[in-house]
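Labels run A, B and C following the written order; every chain starts at residue 1.
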Amino acid sequence: MPPAVVFIEAVVLAGRFPLLSGLSLEVATGEVVHLRGANGAGKTSLLRACAGLLPIASGRAEVLGHDLLVDRVSLRRAVGLLGHAGFHYEELSVRDNLRFALRASRAPLERAGPALERLGLTGRLLDTPVGACSAGQRRRLALAVLVARAPRLWLLDEPHAGLDAEARATVDALVAEARVGGATVLLASHELERAAAIADRSVEIAGGRVVPAATDSAEVGCDVA
Amino acid sequence: MSVASHPVEAVALTGRALAPARGARIASACGLVGLVGVVLTVWLGLWVTPPDAYMGNLVRLLYIHPSMAWDAFLAYGVSFLASAAYLWPRTRDLRLDRVAGASAEAGVVFTGITLVTGSLWGRPTWGVWWTWDPLLTTTALLFVLYLGYLALRRLPGEPEVRARRSAIAALVAFIDVPIVYFSVSWWRSLHQGPTIQPGRSEVHGSMAWTLLLSFVAFSLVYVWMLAERYRLAGLQARDEVEGLADALAERRAEAGMSRAGEAS
Amino acid sequence: MWRDALLVAGKDLRVEWRSRVGLNQVVPFALAVLLLFGLALGPDAARLRAATSGLFWVTVLLAALLGVQRSFALESADRAGDGLRLSGLDAGGIFVGKAAALGFQLLVLEAVLALVAALLYGTPLEGVGVLAASCVLATAGLAAVGTFYGALAAGTRVRETLLPLLFFPVVAPVLLAATKAWSAALGRSGGGGVGWLALLAVFAAAYVAIGTVAFGPLLEDS
């Protein structure tokens, strides 16, 4: 199996600011990798770059066999990004948003029902406009989109944020299931213990690059795992 | 970051190779000859050539207005070609983007002068500051179109992104020009309004030579302006690249800082 | 591509159906503009009648600007535009879809405005065929240019001010041709209606084609 993600000295710029400053990372297919790092370290940028949303200024970047310097579009149906934003239309209902997302990414519509149920989005909520939903409910919807799309690469940015205990457990279960299904998962999280429990390994990011893990906390993570 | 084909590195290279001594010398020569030509044009135009039978001394605007308009269209043409060449994958080069921007800036300056001198000329000859003549109207619309283009260029952003965005905008703006010209001419031809023709004047002898000289002189001035503006844009790009190396170093250094923060 | 276009157009129209921003804000705005023109040029009935087609189309242009801004505000809220890109939709399809939805809304607006303008300015609507045809063709051009520049401006921090500067000069021929076609239909100027329609068609075709091709690079830059 070729690796799912290969970044070599990748630089990503926002104007003149380097979001990634020469990041190197390799993730094997089927691996669950936890990205750690302070705010602004570059975790979100790495996930967005993996989704083909950010242009690579220099270096090498391949995701699921697609060279991102050549083509950042063709891989998008195979990856799923859970970002800080939900990519929803406030005026459309929960159900309509999910159906649109599935149609747009050519995923079968039959998966919508089970996915909504899995995330506890049922009843009256289905017809509520997303603009009227709570932050946690919007987060669940974004997760439901991901579940229904069943991507080969899951890019999760703070997946536990804003969720209640039950939903957080669901997230952990979803990651485990995705992995059993052969998908690769990159997950950025500040909840070190929780993330360490579901990840195969953790990677420390600082200043827009992967840095050698600070030994003490990394070992704590391994022990928990 | 050692591969030369990296865009970041490529910018640095083109930035350094930007002012080869020969090109700079040719540009300066153009500027010098052009300026001498302009001085000659002024002298010939104001003192040597005779006043016109119809327009009297006003005819002397002939030595500045048409050549300005010519320069403006020449500049937009160059800008369009450079933009199109930038969009063509085989000739994609940030230097072309700089040429497009520099030429468009010169074009806007010349268009401005064209409009002002045309208006000054129109008032005494036609009795109005402005008339909805196709050429005039098209020129005025070009002026605002390219002001928009320059506004777009001035937005901050990554050089490649800015270049592609600007090149697309330039193309879209440029194909509007024939449509505008055609529609305005047609509009005028349908409305049998008071189309005002300037008195037909014979241009001959010293007048013809002065007119020709003005075209050559102002074209050379355009080349010189373009070359200087292009050189400046290259220097700015090089600054950006040098700034980038610093920015990268600074960004990487954050790692040490956050580590120190964790430890404390 | 067509499938993607239909999907995106359907989504935009559904959002409008749910939010009624166009109906509750853009339509009243356009009516207010028509009234203001009446105040500026009236109450001389002959002058208003002569100016009807021009005033109508300037109003449509202003409303089209608001329509474009609304169309891209949808996508920037909650980064839905990123969602469109992430789902791997064809860029040309997104362009055609958004332009079609915008054009459809503009056509509805034009129908309302035409009736109100006819009433306010005392201009009987004659030559309805030419009036309608010029609306369809002009709107296609406006929607194409608007969607194109809307996406271009949406990626920048100065979109509110940049969009009108880019949009209005480029659609100048649409204003001219549509106004003249209307004047011809309303019997205000001698003939030429069909020629102006042809010009509108050329404009629309050129910008729809360019937009479909150039939208991909534009979308990826923002």
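One rule holds in what follows: a contact is a pair of C-beta atoms (placed from the backbone, for glycine too) under 8 Å apart; a residue touches a chain by one contact, two chains touch by 3 or more.
Quantities reported herein were computed from a predicted structural model and do not represent experimental measurements.
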item: Far-end chain from chain A, centres as C-alpha averages; value: B
item: Geometric centre: closest chain by C-alpha means; value: C
item: Gap in Å, rounded to a whole number, between the CA centres of chain C and chain B; value: 31
item: Chain A and chain C, separation of their C-alpha mean positions in angstrom; value: 38
item: Centroid distance [mean C-alpha coordinates] between chain B and chain A, Å; value: 47
item: For chain A, residues that touch 2 or more chains besides their own; value: 55
item: In chain C, residues with contacts to at least two other chains; value: none
item: Junction residues of chain B, two or more chains touched; value: 157, 161
item: Residues of chain B defined as touching chain C within the complex; value: 141, 144-145, 147-148, 151-152, 155, 157, 161, 164-165, 168-169, 171-173, 175-176, 179-180, 182-184, 186-187, 190-191
item: Residue ranges of chain A touching chain B (in the complex, touch as defined); value: 9, 11, 13-18, 21-22, 37-38, 40-41, 55, 57-59, 206-209, 211, 214
item: Chain A contact footprint on chain B (complex, rising order); value: 1, 3, 6-9, 156-158, 160-161, 240, 243-244, 247-248, 251-259, 261-262
item: Chain C-facing residues of chain A, complex; value: 51, 53, 55, 72-74, 76-77, 79-81, 83, 85-92, 96, 100-101, 103-106, 129-130
item: Chain A-facing residues of chain C, complex; value: 4, 7, 11, 14-15, 18-19, 74, 77-80, 82-89, 91, 216, 220
